[in-house]
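Have a look at these structures, which come just after this line.
Look for chain A in each of the two complexes below; its partner is chain B in the first and chain C in the second.
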Partner chain A sequence: MLNFILHRAGQTLIVLFGVTLIIFFMLRVMPGDPVALMFAEGDDEDIGAARAEFERALGLDRPLYVQYFVFLGDILRLNFGNSIVRGGEPVLDMVARALPLTIELSIYALLIALVIAVPVAILSALKQNTVWDRGGTAFALIGVSLPSFWQGIMLVMFFAVWIPIFPVSGVLDTRLSITRVTGAPFTDAVLTGNWEAAWSVLRHMTLPALTLGTGICGQFVRVLRSSLLEVKHQDFIDAFRARGLSERAVVRHMLHNAMPTTAVIIGLRIGALLSGTIVIETVFAYPGMGYLLIQAINARDFPVVQGVVVLLTAMVIAANLMADIIHGMLDPRVKLSGGRGNK
Partner chain B sequence: MTRTNWIATAQVSALALMLGLSAQTVAAQERTPSGTLTIGWRWDPETMDPQMHRQRYTQIISHNMRSKLFYQEPPGLAAVPLVAESITMIDETTYEVKIREGVLFHNGDELTSEDIVFTFDRLWAEETNSPRAGMGNMRNIDRVEAVDRYTLRWHTAVPFGPIETAVVAMHLQGQEILHKATYENLSMEEARTHPPMGVGPFRFVEWIPDQRVVMDAFEDYFEGAPLVERIVWRTIPEEAIRVAELLAGSVDMIFPVTPDFIDQLRGANMKLEIQPGTNMRMLMMNVREGSPFHDPEVRRAMQYAIDRQAIVDFIYSGLAVAATQVPGSGQEGFIEGYNPFSYDPDKAQPVLSQITEPLEMFTEAAWELPAQVVAEQLRGYGMNVTVTILDQASFNATNEGGNFDLLWAGAGYGSGDFLGAYYNNHFDCSRFESNRIRTGFCDPELDAMAREARAEDDPELRREMLDEIIIRLTEVEMPWVPVFNPAEVWAMQPHVEGFTGSSAGQFMNMHNVSVGN
Partner chain C sequence: MTMPDTSLSDTTATSRTDRSATPLLRVRDLSVRFGAVTAVSSVSFDVGKGEVFGVVGESGAGKSATARAIIGLLPPTARLGGSVLYKGEELVGASKARLRKVRGPEIGYVFQDALTALDPVRTIGAQLAEVLAVHRRMPARQALEVAADLLSELKINDPKRTLNAYPHQLSGGMRQRAVIAAALIADPEIIIADEVTSALDVTVQRKVLDLLLGVCSARGAGVIMITHDLGVVAQTCDRVAVLYGGIVAEEADVIGLFDAPRHPYTGALLRSMPRMGESGAFVPIPGSAIQVFGTLNTCPFADRCERAQPRCREALPAETRTPGGSYRCINPLEGMA
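Right after this comes the complex of A and B.
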């Protein structure tokens, strides 16, 4: 296990180095830069000179390779720089503000996805080739195919405007406030016993989590259904039935055997979950990592885009590593090892 | 105009101001703030330091907490005194500003000229590295000094012209006043998030970045207490969601609103506040050698080719004004009724049908529809025009680099100024020195005329000179086809009263806004 983790940590460092290289130069190759955008309009008599001075003060007039090594050196010291657009706010502060929101939203979306996916997959697998199975497969296909932007707006129109059950957007009712403990609003509200705020946060998260959750649950349904079908025809399941186990107990055993594959898929979908937040968070005015990233890209806020991408990459790699470890723990047949010759 | 005339004008203004003040004093006694107004808008302020940004929306928030010497009273563009009481031109490079007495900061301190000197000194200090330091013509200001507790003098390196233009050039309508005792002890990092201390109608309560800014009424505001007790500014980037919030009743007002949602909002009995905008949309042509638009006859034909009114009527449902000249409606130099090129396809056809080479028109996603309509109109003459959509940053780079045949662009004139920054940024040859190519148009003779007109303080002579410059740009040089000015639109619940939108878009003056329930 230790070997495996060390081996993956080494790979991670190489990947992260590659990501810093790609994101740094890709941003510079793209047309436009933050200072040009900032000075694109304004009533300065000599806007060109004003812009040049500002660029100089930020070091953006230095050769690109110098800027890259400065960026790399800063990252090694865990300094992700300061936002150019947002008055010099440290990138880490922005991430610390946005990340807990995204984590809570992602967990909620994941729970919704599982709550929908597990029964649908079980029903599809147990009643294979029936109308239930075809319905479940169609549901999975629709979930994967619906554009999240459109789905989000539709959910808002139905459940916030026409039948006002949930708030339209945002994080918390404007009358309420939460004492910061971890930065994650629901967790903080619970930790401080602020139940009204916790309920408000949960209601605000429901529509974005539902949009995000239905987007990923389709894939869960398909994977879990396939795994269950595979297990369903195994001899030991027939043996359970022959021994007179109840159907509920048989299903429990089937699930236990099908879960490792699904756990891996969940881990692999963390990346998709995070990329899904880019659209969902913007639609629902939910200021998490996706929202932060899209705002920073639009403003060409180089340090913020670089910092967020590097951190997101690290998170996705960590999630995949966790999925592998959990897979190993759930399925004793899988042996985790690292390095050459240790297979 | 002579110095005596300016003093007389200032005295009349001061008298009017005093009369106004006494009326306001009475009104102030009757003003009791009540209710909460929630505004859903697209943005979030970038910082709480008013000197470290260049965005209108950050300024809108800041202005409600920290007033300025002058401001553009909605709905117009003219700068009128706010904290200033009067301004006098001492000589062609010296202006004297008197400020109101008894103006209080939110902590109860009285505003003095020292606070204003500190504000501008901090703005221009090298260590501040403020992106606003060069706004207007502030680079040509030598210094600002306090004459006494309520009097200041601005000393300029070059003549700034009559008071109306000097106020804009000195950016007195654009800089919020800081409280010296607070800000002189703050580092730049601390000032970014420090609760704003100002003399504005609202006091800072809270800022949760990307979520909301909350401010409460300041009852000792020098123009009387605001009518609303609390304002919550909620950040909602997506327009469809802003509209849904308004329809759901969870916000009282939204901004901005595009024509796509107007019918839906009207159908739901929402109130609309519509003001002519100050962002002209135009078709820029590359006039450099090698481009088909290098030929003035082609540029002239382009002026006849586009049916502006059809775009205004059918795409913008009337929420725009067709543009017919280089300055926009309400801008300095705008010539009332001047429309040298009416829509005339017969005049456009013979010239434009000769241009068969493929041409690319660049635009941003927000302007795709009108750009496509214009491209289709041009294709009707036999031109081979395709539209390419760019994101804002790429579009800006294309614009500055002059890397286009046609560019569906915009030019804002929120300050109302024409001969200053607006002319310099779009037409003056000096812009090439900082690689702002744009259309590639340059005429040193016209630049000299603009500089001469700028320094002219006789209004009639200045008007004549401006007319000549504008007619030459619009009718002879024609680097643009002016197309239209979209309106600024706010939508609100029926119970919101007293809001007047600003054409400049720089201000949302909430002082007189009330909520019925």
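Right after this comes the complex of A and C.
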């Protein structure tokens, strides 16, 4: 177990290092820089001096590699710096506002995906090679291959233009407000017993969550279906029947056996889910991490972009780690150990 | 007595004389088809209370298909014909609900491969207790006690620990005992043991068989011992049916079968098996096992039989009664093999 933790910690450091390197230099290579955006081109010479002053204050005049090591050092001390653009607000404050929204949205999307995927996968695996199976597989394929931004835009059109049941932007009706407890709007609304606001948040989250959820749902159907099919033909399934178990109980045990694999895949898909939020939050103007990231990129707000990306990466790694631990808990044959070749 | 063929409907074993008044299990003219493949053409035998009945044959002879047909545990694509009477009750075509009640408390089934016959993600205890929960509505705590007793009856030293173990944590022999326990725990009157020891180490095989038979005879349960090993038959069975190509080539009591086989296939099987005391000279059966398609209307052994005659290919040989059993051959062996 200790071996496992050390191994994973090492991996995590390497990944984080790589990500900081990539994001840092990508930002500098990108055309346009924050200062240029602030000081419009073609102004008089005075601004030239002010501009140099500003660059020096931000450390942007130093050689790139120096800037990088300063950035790395800050991150290691968990200092993510301040926004260049928004009156110097600390990046961590901005993240603290956006992150709970993204987490709630992701959980909602995950739930939607599971609620759809589990019955579809069961039906399609049990009735293999029937109309049910074909339908389920086709559904999964569509879910996997439809680009989510397109799906999002379709949903916006449908629910904004034709039948406006669900709101298509924001998190909350403007006339309502929520007392802040954790920062996560739905949770806070429920905690403070503000049911009207909770309902409003839920409705605001529905379209983005649906878009995200159906995107990953296709994956889940595929994984769950194939692991159910694998289990279905094992001897012990017939052994259950030979002991007089009902079909219902047999299916329950099949699911139990298919769970570990599915849990790992869900963990791996958390990354896709979070990167999906980047697009979807922008489409639905939902002020989470993705929205924050896109805005920061547009403003070339380097510290915010860097901070958000590093934190998102850390979250994905944490999710994968959790999936492995859950896998180990669900499947007694799995021993958590470092490196490969663990049986 | 003529039986020209075994088309699914028109054969009845009317000429058969009852050996005991009502056998526990009476299989009559059982047939199993998977599409064009005929796994079992016509199989009939009786198993009495407390009797150990052997079913022996090469791979593909239809042993497992016969066994699964008895408890209705075949894939939906399988077509089942004939009759299986358990205590006089017809099981072929019985409702699913009825079959579920038979499986476990009436007829137990021990699977071939112990590693794959146990659920890898649940403890042995959970799997054993589940059977009692289903059939007896027994609470878990009590069921685990029953399970522990059964495991110690099967000579497992530390039953409590075994109950808490997952299948992969046990040795092959232990696992096979757990599988046997799962089949026995609801106290069935007949146990079907399908090649229970072929996956085991030779040294453990004998021991596991003895344990299985010991527990069964202690409960007076009948056993259907399925095997491809005549040695196992000789050591454990009272009576035996030799299966070939989905028919019972010969049925006899074990001593009669070994002393005076009538069917050439039985003779060939005996010759292919090294006997105690005799050195080295065993003769393998030439050719390979037959795969039957559609209706069988020849002697299935004809291609490999050294006594074959043109007549053997004209129809499935009828069942000939002997004092101790029956055989299906028109040119049978006489006396010693």
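We take it that the second predicted complex is superposed on the first by the 324 of 343 C-alpha atoms of A that agree within 3 Å, B and C clash if a C-alpha of one lies under 4 Å from a C-alpha of the other, contacts with A are read in each partner's own complex, and residues count from 1 in each chain.
As a working rule, a residue touches a chain if its C-beta (ideal position, glycine included) is under 8 Å from a C-beta of that chain, and two chains touch if they have at least 3 such contacts.
Being a predicted model, the structure only gives us computed values, none of them experimental.
When the two structures are aligned on the shared chain, A:L245 is found in touch with chain C, with no touch to chain B. Between chain B and chain C, it is B that contacts the larger number of residues in chain A.
Once the two complexes are overlaid on the shared chain, A:P332 sits against chain C while remaining clear of chain B. By the touch criterion defined above, A:L78 reaches neither chain B nor chain C.
Of the two partner chains, chain C is the only one touched by A:F236; chain B is not.
The intersection of chain A residues touching chain B with those touching chain C, taken from the two complexes, is empty. Chain A contributes residues 234-236, 238-246, 249, 253, 256-257, 260, 330-333 to its touches with chain C in the complex.
Within the complex formed with chain B, the chain A residues making contact are 30-33, 36-54, 57, 85-89, 94, 97-98, 153, 156-157, 160-161, 164, 167-172, 174, 177, 282-285, 287, 291-292, 295, 298-300.
Those residues of chain C that touch chain A in the shared complex are 71, 73, 100-105, 108-109, 111-113, 116-122, 130-131, 134-135, 166, 168, 179, 182-183, 186. For chain B in complex with chain A, the residues that touch the partner chain are 38, 46-47, 49, 52-54, 129, 131, 133-137, 139-140, 168-169, 171, 174, 188-189, 192, 206, 209-212, 214, 232, 234-238, 240-241, 244-245, 247-248, 250, 390-400, 412, 414-415, 417, 420-422, 424-425, 430-431, 433-436.
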